[in-house]
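There are two complexes below, and they share subunit A, which is joined by subunit B in the first and by subunit C in the second.
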Partner chain A sequence: MSVSLVEVSLAAFVILAAIGTAIFRDVMAAIVVFAAYSLGMAVLYTLMLAPDVAMTEAAIGAGVTTILLIVTIAKTNRSSAEELIEVIHWPAVVVAGTFTAVVAWTVFEFPTIGSDEAIAWSNPSVTQHYLTYTYVETGVTNAVTAVLAAYRGFDTFGEAVVVFAVGVAVLVVLDREVFT
Partner chain B sequence: MSESERVRQEYTQSPIILTTARILAPFVLTYGLFITFHGADSPGGGFQGGVIIATTVYLLAFTFGVEPTSTWVGHRSMAILAAGGVIIFTGIGFATMALGGNFLEYAEFVAILDLPENEVVKWGMEAVEIGGIAAIIAGVVMALVFLTAGGYGPERGEEP
Partner chain C sequence: MIEAVADRLLYFVVAVLLGIGLYMTVASPNLVKKVIGVNLMQTAVFLLFVTLAFVEGGSAPVVSQEAVAGRHASPLPHVIVLTAIVVGVAVTALALVLIIRLYVGFESLREDVIQEVRRND
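Here is the complex of A and B:
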């Protein structure tokens, strides 16, 4: 598995940002570092040739979530922090660290991106069908959009209605009647 | 001091933020519309485009304050976007059923559109992406920042 220097440094940046989000005592600092984490992930997705996912991560993770969290701490009390770093609870660190190590172990079993042993190719009759016939059958060249809106349209319908339900649920929770 | 006055005072009229938002906002909105309308042939689509369109409203809310932006957008337009998107998406799904196909089987529109089958499917997908998904996401994501900033309670919601 060959990785470039850019990918390694981005991965290190993402891991450091994730640790920073967990240990910074100031909530505002944690939110800013979390936004940096999302942006790093978005660039990583782009390098892994998944621009649709990268765009979602940049817009939702780095943009919308950050602003919603900032608005939330503006509405609540932001504790003035004396120390820079949260008091570390070592037993929790051991548990979380062990879990991370076990999950990270599986990374070495992954096939290289783009190799014919990758999981995406484990059912070539399906993947090849989408890649070969997307334009013939749906008239669009972005196979991701074709799968989302045409081949798996009903799933996407469910997702879109879930987002609508989220808006209604927030109205119910906040005891409000209109979207302002 | 009323609640709205208190909220408004939390925003400082910084010339840097004002200038940046004035210059950026039209470009961000155009980019969001491009991602939405061009999702079929380039990365992106209704979901990403809808979020970027809503982000323009976030930028305005951050620059000019949540209260004035919320009044400017209006609760009605957000409700129309969110609910209208669901209606359009469901309507297209049921229209294909009325023509004798399955739910969202766009190819059934061949019966009423004089186009080759893959073109018909493309226009069906575009309608669902733009009129359905992008509208729902833009409406709901815009509303989230106003709802969060408004907090609990019906008193602000009763403004016409």
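Here is the complex of A and C:
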């Protein structure tokens, strides 16, 4: 597969945005850069033929997470200092760098991106079953929606239970006096 | 070598983003930035899943009776990532609420300051 210019520039953008998130000392600046990072990731997901994931990431990753982070900053403090850049913690750089090197080393064992041996297709009869029978069995043309809401309906129900439990936990932890 | 890297470019992006997220969770003294680091690692894993499902020359996994024949990206990793995004936001919300509680008690978001205050008590 030939790498397109769009892909390379998006990859460079998300990595630069991630580095910016890591090194800005002002938490508000880090949050804003992180929102831009999420948006870049959403575009990358679209390039990788996952529009459903991209829409969810843009709405929830770049939207709701940013709002949650900003509300937290509003409730606490912003800790803005004179320095723009955080002091770099070199031992942690070594640890993270070693981790990255080990992960990157394993990548050469992967089949190339988009090849017929793509890892999600290592069991083609299963994946192809969903693509072939989705419309026949559920009447939904979007296979992602069909799997989410029909084939794995109970899984999605469990996810709703998790969100409800977290909602209750948030209210319990915050107590009443924090709101006032 | 260069071609082997170019063919797997996004996998390497995933590796780098995982490293940056790990650095943030380990090194940043600010608790909110630690949570952002966890979120960063999470989106890197999502990118890995979505890239694994990609097929060259395919289309998004939207099928109708006529279009079943063509190549499509696998819908199964997409679904698990959708679930993970929502659960991830729930986890982030809970973590941030606990941070707000910590701030009410210690009046700081910095890990080192909180440890200092606890030692002096």
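What we mean here is this: the second predicted complex is superposed on the first by the 167 of 180 C-alpha atoms of A that agree within 3 Å, B and C clash if a C-alpha of one lies under 4 Å from a C-alpha of the other, contacts with A are read in each partner's own complex, and residues count from 1 in each chain.
Simple rule for what comes next: contacts are C-beta pairs under 8 Å (C-beta built on N, C-alpha and C of every residue); 3 or more make two chains touch, one makes a residue touch a chain.
All figures in this text were calculated on a predicted structure; none of them were measured in a lab.
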(request) Report clash or fit for the pair subunit B and subunit C bound to subunit A in the combined superposed model. (result) fit
(request) Have a look at where A:E137 lands relative to subunit B and subunit C in the superposition and call it first, second, both or neither. (result) first
(request) Applying the touch criterion given at the start, work out whether A:D52 contacts subunit B, subunit C, both or neither, answering first, second, both or neither. (result) both
(message) If we overlay the two complexes on their shared chain A, which of subunit B and subunit C does A:V3 touch? Say first, second, both or neither.
(response) second
(message) According to the stated criteria, A:Y37 is in contact with first (subunit B), second (subunit C), both, or neither; which is it?
(response) second
(message) Per the contact definition in the header, classify A:G97: touching subunit B only (first), subunit C only (second), both, or neither.
(response) second
(message) I want to verify the contact counts: of subunit B and subunit C, which reaches more residues of subunit A?
(response) C
(request) Check whether A:L148 is in contact with subunit B, with subunit C, with both or with neither, and answer first, second, both or neither. (result) both
(message) With both complexes superposed on chain A, which partner does A:V163 reach: first (subunit B), second (subunit C), both or neither?
(response) both
(message) On the A-aligned overlay, A:I67 touches which partner chain: subunit B = first, subunit C = second, or both, or neither?
(response) first
(request) Once the two complexes are aligned on their shared chain, state how close subunit B comes to subunit C by Cα atoms, in whole Å. (result) 7
(request) Please identify the positions on subunit A that touch both subunit B and subunit C, taking each partner from its own complex. (result) 51-52, 56, 60, 64, 68, 71-72, 75, 135-136, 141-142, 144, 146, 148, 156, 163, 166, 170, 174, 178
(request) Mind listing the subunit A positions that touch subunit C in their complex? (result) 1-3, 7-8, 11, 14-15, 18-19, 21-22, 27, 30-31, 34, 37-38, 41, 44-45, 48-53, 56-57, 60-61, 64-65, 68-69, 71-73, 75-77, 79, 86, 89, 92-93, 95-97, 99-100, 103-104, 107-108, 110, 112-116, 118-121, 126-127, 130-132, 134-136, 141-144, 146-148, 152, 155-156, 159, 162-163, 166, 169-170, 173-174, 178
(request) State the interface residues of subunit A toward subunit B in the complex, per the touch definition above. (result) 51-52, 55-56, 59-60, 63-64, 67-68, 71-72, 74-75, 135-142, 144-146, 148-150, 153-154, 156-157, 160-161, 163-164, 166-167, 170-171, 174-180
(message) Which stretch or stretches of subunit C touch subunit A in the complex?
(response) 4, 6-24, 26-28, 30, 32-33, 35-37, 39-40, 43, 46-47, 50-65, 68, 72-79, 81-83, 85-87, 89-94, 96-101, 103-104, 109-110
(message) Which stretch or stretches of subunit B touch subunit A in the complex?
(response) 10, 35, 39-48, 51-52, 54-55, 58, 62, 66, 70-71, 73-75, 78-79, 82-83, 85-86, 89-90, 93, 103-104, 106, 116-122, 124-125, 128-129, 132-133, 136-137, 139-154, 156-159
